[in-house]
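Going by the order they are written in, the chains are A, B, C, D, E and F; count residues from 1 in each one.
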Amino acid sequence: MSTTKRIASPESDPRVRAVFDDIRAMRKTDFINNFWHALALDPTLLESTWSEVKRLMATPTHLDPLTKEMVYIAVSVANSCSYCVHSHTAAARARGMTDAQHTELLAVISLAARTNHLATGLQVPVDAVFDADGES
Amino acid sequence: MSTTKRIASPESDPRVRAVFDDIRAMRKTDFINNFWHALALDPTLLESTWSEVKRLMATPTHLDPLTKEMVYIAVSVANSCSYCVHSHTAAARARGMTDAQHTELLAVISLAARTNHLATGLQVPVDAVFDADGES
Amino acid sequence: MSTTKRIASPESDPRVRAVFDDIRAMRKTDFINNFWHALALDPTLLESTWSEVKRLMATPTHLDPLTKEMVYIAVSVANSCSYCVHSHTAAARARGMTDAQHTELLAVISLAARTNHLATGLQVPVDAVFDADGES
Amino acid sequence: MSTTKRIASPESDPRVRAVFDDIRAMRKTDFINNFWHALALDPTLLESTWSEVKRLMATPTHLDPLTKEMVYIAVSVANSCSYCVHSHTAAARARGMTDAQHTELLAVISLAARTNHLATGLQVPVDAVFDADGES
Amino acid sequence: MSTTKRIASPESDPRVRAVFDDIRAMRKTDFINNFWHALALDPTLLESTWSEVKRLMATPTHLDPLTKEMVYIAVSVANSCSYCVHSHTAAARARGMTDAQHTELLAVISLAARTNHLATGLQVPVDAVFDADGES
Amino acid sequence: MSTTKRIASPESDPRVRAVFDDIRAMRKTDFINNFWHALALDPTLLESTWSEVKRLMATPTHLDPLTKEMVYIAVSVANSCSYCVHSHTAAARARGMTDAQHTELLAVISLAARTNHLATGLQVPVDAVFDADGES
């Protein structure tokens, strides 16, 4: 099921073809997953989404690639995006995440959810010492 | 403001005292932040919460401490817990997070939110290749 | 699957029959979708839910019907309600939403999610100028 | 702060006056809290919201009033509605919630959040035995 | 589908065996549902999760067991955890929840969601009278 | 309060200056709100965020500007982003949103939340007729 009709030949559009070629080159595989296939409906949205993903996730920066994939999983779990949890868990494994790191990641995510809900239920005020913008 | 009344002398309860002493020893500071102070209302809840936080966050495991704090921030942002975003950003800084790492973390979190909402809006089916439990 | 048992003949209850007849008349179709069928378990809940939907969504008011369906999709995506994303995307198409409007809607929703998470991560204070209730 | 301008004399509108009088009668107090005051901007929205709250929360039904207030707190915490957490914690106390019940409620809410995030991270399929609509 | 590979014989690990035996004894059934089976991947996470669930949900405390299951359902719905909504609705039925209580629970949950979104959209300030920590 | 330190003179960086000048030109005001000021910490993040906002929100496309701002408010409410609810309500007013449209928008948002939570609690399967990708 899907809320959009699957395009039969998305790569007949050269802008889609260019993005798909870039995805295949970056990932060293011919496989294009359903998310990118669906975005082909709107080449501008496809291009802007892929360019952000490529810039942040596929190139070395201040955070290492595996850390970024684990942060991505964490947000996807908290936002309850089933597709994203699956696709980014696969991506993290491709970047070397072990079973032990995976279950520890889930333990940290679920602990955070626990204390998030406790703090929201308590409605305690933020301690002044946490303010990064306080007067010096 | 708060949904609970602040206890004047929480450490008159020896169970609370023990947890607060442990927090101070682990963090090498006398400061007890509002979250733990409020949990002192229920020593069992205080003990079980702190023991989980200590076991997962304060001891070396399969993930490094800074990665865990950044995952914690990611979940706290997605769950919109203002207190937690403040306290764990401070904790990540205490573990060495630089300004460049912080803004890159926020960039990854917000990119994940963007594609989470896109995938949920598209309702595309999960690709079979992502299933970790598929037949071999 | 479902958390409730499907009623075999919901319209044997005259209150359910009246609501279903009204749904069919408004939508000019004999089809009753699973959501309303399940609510037939509790005629009071069915009546109060349908009367709100009818009053707000099915009659001309200060916002046009297609805008209201797109707002509905936006909330359903952010709340990660798979059923609702499907049913209201179909409703928006029935009210004339084009493919180009649909992908632009998803682009706006996902952009909002991106800046929502950025603002929550930054915890910047609300600018005084945004307060609709400020002193004149 | 608020996104709407506070009305100086909301009760000059007889429909608002009628709802406010009903709120005061039900609660046996002259106090009208900010939520209802703000809704006075739109008497139809005020009436439909209050009539639902009154029907479900203020009259004896299949669930006792305190249970309903605790469920209300649970949803408000998970949806991160600061105003609602405050107002419904006060309402639950008015219905007899003790400090011990309050902290146990928060413990259950935060445990649920923990296992919610675990199950979403694991993406395990729903066991067939949980289906209330299975074949007999 | 799942993000982890299903373990063929989880109970060959004695720590897993002990938890599974405890689950079977508490529930008086041989059935172990997919959630606990998947957690067997990490015996420490399995033990800490089960011990919390057992302590809070399976033993009599300040709140009765059915109330706690209904609060659990409420959080699971708001966090959009499909697995958890199914498993805890089944658990609540096992503790005696009637159809009438179930639909009333859903009515309260959805009413809370409605006023949560209204209050968040209005951004009205919290009334001082709701502060449990105010000066006396 | 904030999780980042406010930069004293952000426009000494020419990339920040260029974005701020563009914001001022588009909005015909000298005012730069706290969100953009905070993003100045990371000029690349500032540029990529602003370019998306400008492309989607500030130029005429398939949806009219006011509809897009109302969709933005809807997502911000559901994600419980206080800052965003304030800033985009102000933006919608600047684009002509009346008080009557505002309260109707909030009524639709809160109705969607209500049925989102009902559908998630019921876990009814998606009707085949809603599938946009069904066989023809």
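The rule is short, and it goes like this: contacts are C-beta pairs under 8 Å (C-beta built on N, C-alpha and C of every residue); 3 or more make two chains touch, one makes a residue touch a chain.
Small disclaimer: the values here were computed from a predicted structure and weren't measured.
A.B. asks: For chain A, which other chain has the most distant CA centre?
C.D. replies: Comparing chain centres, D lies farthest from chain A.
A.B. asks: Among the chains, which one keeps its Cα centre farthest from the Cα centre of chain B?
C.D. replies: Result for max centroid distance from chain B is chain C.
A.B. asks: Counting residue numbers used by both copies over all numbers at the interface, does the chain C-chain E contact come out same (over half shared) or different (under half)?
C.D. replies: Both copies, chain C as well as chain E, present different residues to each other, with under half of the numbers appearing on both sides.
A.B. asks: Counting only Cα atoms for the centres, state how far chain B is from chain C in Å.
C.D. replies: Taking the mean C-alpha position of each chain, the two centres sit 33 Å apart.
A.B. asks: Nearest whole angstrom, what separates the Cα centre of chain A from the Cα centre of chain C?
C.D. replies: Computed from C-alpha means, the inter-chain centre distance equals 27 Å.
A.B. asks: Between chain A and chain F, what distance separates the C-alpha centroids? Give it in angstrom.
C.D. replies: Going by mean C-alpha positions, chain A sits 20 Å from chain F.
A.B. asks: Which positions in chain A touch two or more other chains at once?
C.D. replies: Residue numbers touching two or more other chains: 1-4, 49, 52, 75, 77-82, 85-86, 89, 100, 104-107, 109-118, 120-123, 126, 130-132.
A.B. asks: Touching residues of chain A toward chain D in the complex: what are they?
C.D. replies: 73, 77-78, 80, 82, 85-86, 105-106, 109-118, 120-123
A.B. asks: Which bits of chain F are touching chain C when the two form their complex?
C.D. replies: Chain F reaches chain C through residues 1-4, 31, 33-35, 37-39, 49, 52-53, 56-57, 61-63, 67-68, 70-72, 74-79, 81-84, 86-90, 93, 98, 100-101, 104-105, 107-109, 111-127, 129-132.
A.B. asks: Considering the complex alone, what residue numbers of chain F touch chain A?
C.D. replies: For this pair, the touching residues of chain F are 1-6, 48, 52, 55, 126, 130-133.
A.B. asks: For the complex, which residues does chain B have touching chain D?
C.D. replies: Counting only chain B, the residues touching chain D are 1, 3-4, 41-42, 45, 49, 75, 79-81.
A.B. asks: For chain A, which residues are in contact with chain E within the complex?
C.D. replies: 80, 85-86, 89, 99-100, 102-104, 106-107, 110, 117
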